[in-house]
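In the two complexes below, subunit A is the common chain; its partner is subunit B in one and subunit C in the other.
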Partner chain A sequence: MNAKETLIRNRWRYISFVVGFFLFVAPFALFTRAVYLIVGNTAEPTLHSVCFRMPIDWIFGGRFYSIFGSSWFMAAFVFGVIISSIFLGAAFCGWLCPVGAVSEAISRAVPIPNKFRLRIRDTKLTMSMRYGFLVGFIAVAALVGYKLASDQLGSICCRYCASSVLQNFASALFGDLSAIEYWQSGAIISLLFWLVIGGLFMSGGRGWCLFFCPLGAFSGLAHKLGARLGFYRIEHKPESCNGCNKCQDVCPMWAIKEDHNIERTLCVNCKECVHACDAYKLIRGRKIADS
Partner chain B sequence: MKTKYILGFVLVMAITLSLGAYSATLGKSELVHFWVAVPAGNVTAPMVLRGAGPPISMSPIVIDLQSRGVLKNLLQPQLEGLSTHWIYNLGKKPVKVKLNLANVPPDIAVDWEVNSGFEFDAATHTFKTPLYPGGSVPNLGIDWVFHIPAYYMDEPVIYDGGLEVIDADTGAVLTFIPIKFVNGAASSSATQGGSCH
Partner chain C sequence: MRIAERAKAWWAFALAASAAPTSYLIAMPCGGACAGCPMGGGCFLAYPVLVALAIGAKSVRFGKGLLRRRP
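Right after this comes the complex of A and B.
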């Protein structure tokens, strides 16, 4: 499938990416701005206002009070995304998340030959690595939060933050050049992994989402649960499959198994496989699979 | 379960823990985050201030520029930052908070990047809304970015000043947190104070 064809077939998702940018990234941050307006918060909203990591860090670090404090909105957003993934799949990741959208877009826009791009075809290995990160993330949150190793470990939430890097670039793009003035080592590492290694040199451009996003990992688990319960999901129909593996090539999340079934913990319901092949069907509403 | 899956799991978990360990070292030397409470007086040693709100830990901040990460020292050595998300009033009366960085040499420019749930006067560095006892400035983010001229980079002590938290109505300094930028082995004290969340 050439680039033009890809663009047309996935137009709604790409439009949704742009909408996601306007909803969450300053200077627009329309979603956050609307909530702030309703609750009378005069702070200037940014992508940080809906941090994808901190509420998870608070929970596992024992800082439950933070969830109900002035950052309640952040927590409500993160838990909303996870719970919605039960019913809609990881739709936020696949359709709205500006961090994943930008790295995926850059990956598609920069024509690097596939032989220079990493892709793990074994979904179990990708999953092992994804949840290795999640367990590590939870361990760091707990060890720091409960002061079991707070001298040896620091939180990885803010220090390695792709959202912050994206927000800084966006602010600079819209005139505030001071936003990209200061770089700490963690931000440089995040930039390298999010856009260069995870974006340009990983097939699909979703390396950050796959291996360094706790919200994505939890959303994947929620989607797996939701799919088991029969909610919104993509199903593979083996009788329509000719084994061309096109689905594996187009899936940005490396979620297509060797037998062409979908690994739910990785799938973000982007529908790239549905558009590429008739063997994939979207199941809306609550419907238990035949097999 | 195949060995490669266990290896993949353990490898990424180890990388994540290593990033946590690296974060701990970076947190003491790059964009150090610290808590602020009033009225604490002169914070000459690590202390926990108790009062109307939650207990707040504060200490003098010493940043060793040589302890920063390799990437930072390589790519952007002349810029260093400080940050706070937390200003609390643990006293008994409302305070209109004014901030001042004391003793900044005229050739070190400092950018103030402030986002706050209280209106902030950028010219006077004053929050226009009083901070009530037990309260904190909501949704606060202040970054101070220091532009250090190249000729300072070999000095043993680059900046020796601090953050003054002032009652804007009376001009009284309620809290003073000493801040020092030093240069590695040339300094006598190790990096201390501050944390990143």
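Right after this comes the complex of A and C.
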């Protein structure tokens, strides 16, 4: 499939990603800025103001009270994204998140032959890796939070962060070079995992989302729960399927199982499978599955 | 077959679960300075490079041994 076709097919999603950039990334951060204005917060909003990691770190590190502190908006944002995934699927990941958008865009824009790109077809394996990393992440948060390990990883986690890399890129692009000291080991390693290994050399360009983002992992779980309860989801109709596997090739999240059903914990509702094949149908509103 | 698949999934889970704690341990000597140093991720690459060098050295010795044994 050529780039022009992909662009046309995904036009609304790509427009939405651009909107996402302006909503959350400084110097714009329009959404955060608007909320700050309403509540009278004078801080300068950036992508860090809606950190995908810290509220999860607080909860598992025994600092539950922090979500009611001065960074309450960060917690409200993260929990809002997770709870909305019950009703809308992981729509933030598939339609708004600038971090996922950049790596996906790079993978689509750079024409590397597919044989040089990694794709794991076994969804169980992908899931095991995604949730394995989440468990390790939570374990470290708990060890540090309960003072069983020194808190050096607090700073390390912030350094190894694709969102930070993106924010610092954007700041530099728009003239703020004050974060120049940021461009050291952590940023280079994150960049490597986010855009090179996870972007260029993984089919779909969502390696960071698949394996390292705790918000994405929790959103996936919430979507699975929502789909079980009958909310928004994509269903595969086996009677319309001819087994061509095109759906597996187009899914950026490697979420399509061997039997062509969708592994909901991985799906980000990008609807690539729906565009690629009539066997996939969107279920809106609340409808319990027939089977 | 199913058991093999499960074992593979659990193995992948365990490996991934160890990733964050391992990076914590590896970064320990650098303390709070980790990721803020100007090595540009050199330490991160050092481990695979050391292993590759060790394997390389072994195979070179092995190769020399093979050559020596030839009549």
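We take it that the second predicted complex is superposed on the first by the 278 of 291 C-alpha atoms of A that agree within 3 Å, B and C clash if a C-alpha of one lies under 4 Å from a C-alpha of the other, contacts with A are read in each partner's own complex, and residues count from 1 in each chain.
FYI, a contact is a pair of C-beta atoms (placed from the backbone, for glycine too) under 8 Å apart; a residue touches a chain by one contact, two chains touch by 3 or more.
Owing to the predicted nature of the structure, the values given are computational and were not obtained by experimental measurement.
With both structures placed on the common chain, the touch criterion links A:162 to neither subunit B nor subunit C.
Looking at the shared chain after the overlay, A:188 reaches both subunit B and subunit C. In the superposition on chain A, contact of A:211 is made with both subunit B and subunit C.
In the superposed model, A:70 lies in contact with subunit B only, and not with subunit C.
In the superposed pair of complexes, A:178 makes contact with subunit B only, with no contact to subunit C. Applying the stated contact rule after C-alpha superposition, one finds that A:44 touches subunit B and leaves subunit C untouched.
Legend: residue contacts after superposition of the two complexes on their common chain; A:250 is shown touching neither subunit B nor subunit C. By the touch criterion stated above, A:234 is placed in contact with neither subunit B nor subunit C.
Within the superposed three-chain arrangement, the count of touched residues of subunit A is higher for B, of the candidates subunit B and subunit C. Overlap of the subunit B and subunit C contact sets on subunit A: residues 122, 124-125, 128-133, 135-137, 139-140, 143, 152-153, 155-156, 159-160, 181, 184-186, 188-189, 211. Subunit B contributes residues 2, 4-6, 8-17, 19-27, 30-31, 33, 68-72, 75-76, 79, 81, 111, 113, 115-119, 136, 138-139, 141, 143, 145, 195-197 to its touches with subunit A in the complex. Considering their complex, residues 5, 8-10, 12-21, 23-24, 27-28, 31-32, 34-44 of subunit C touch subunit A. Note for the complex: subunit A touches subunit B at residues 41-44, 46, 48-49, 54, 57, 70-71, 122, 124-125, 128-133, 135-137, 139-140, 143-144, 151-160, 178, 181-186, 188-189, 211. By the touch criterion stated above, subunit A contacts subunit C in their complex at residues 122, 124-125, 127-133, 135-137, 139-140, 143, 149-150, 152-153, 155-156, 159-160, 181, 184-189, 192, 211.
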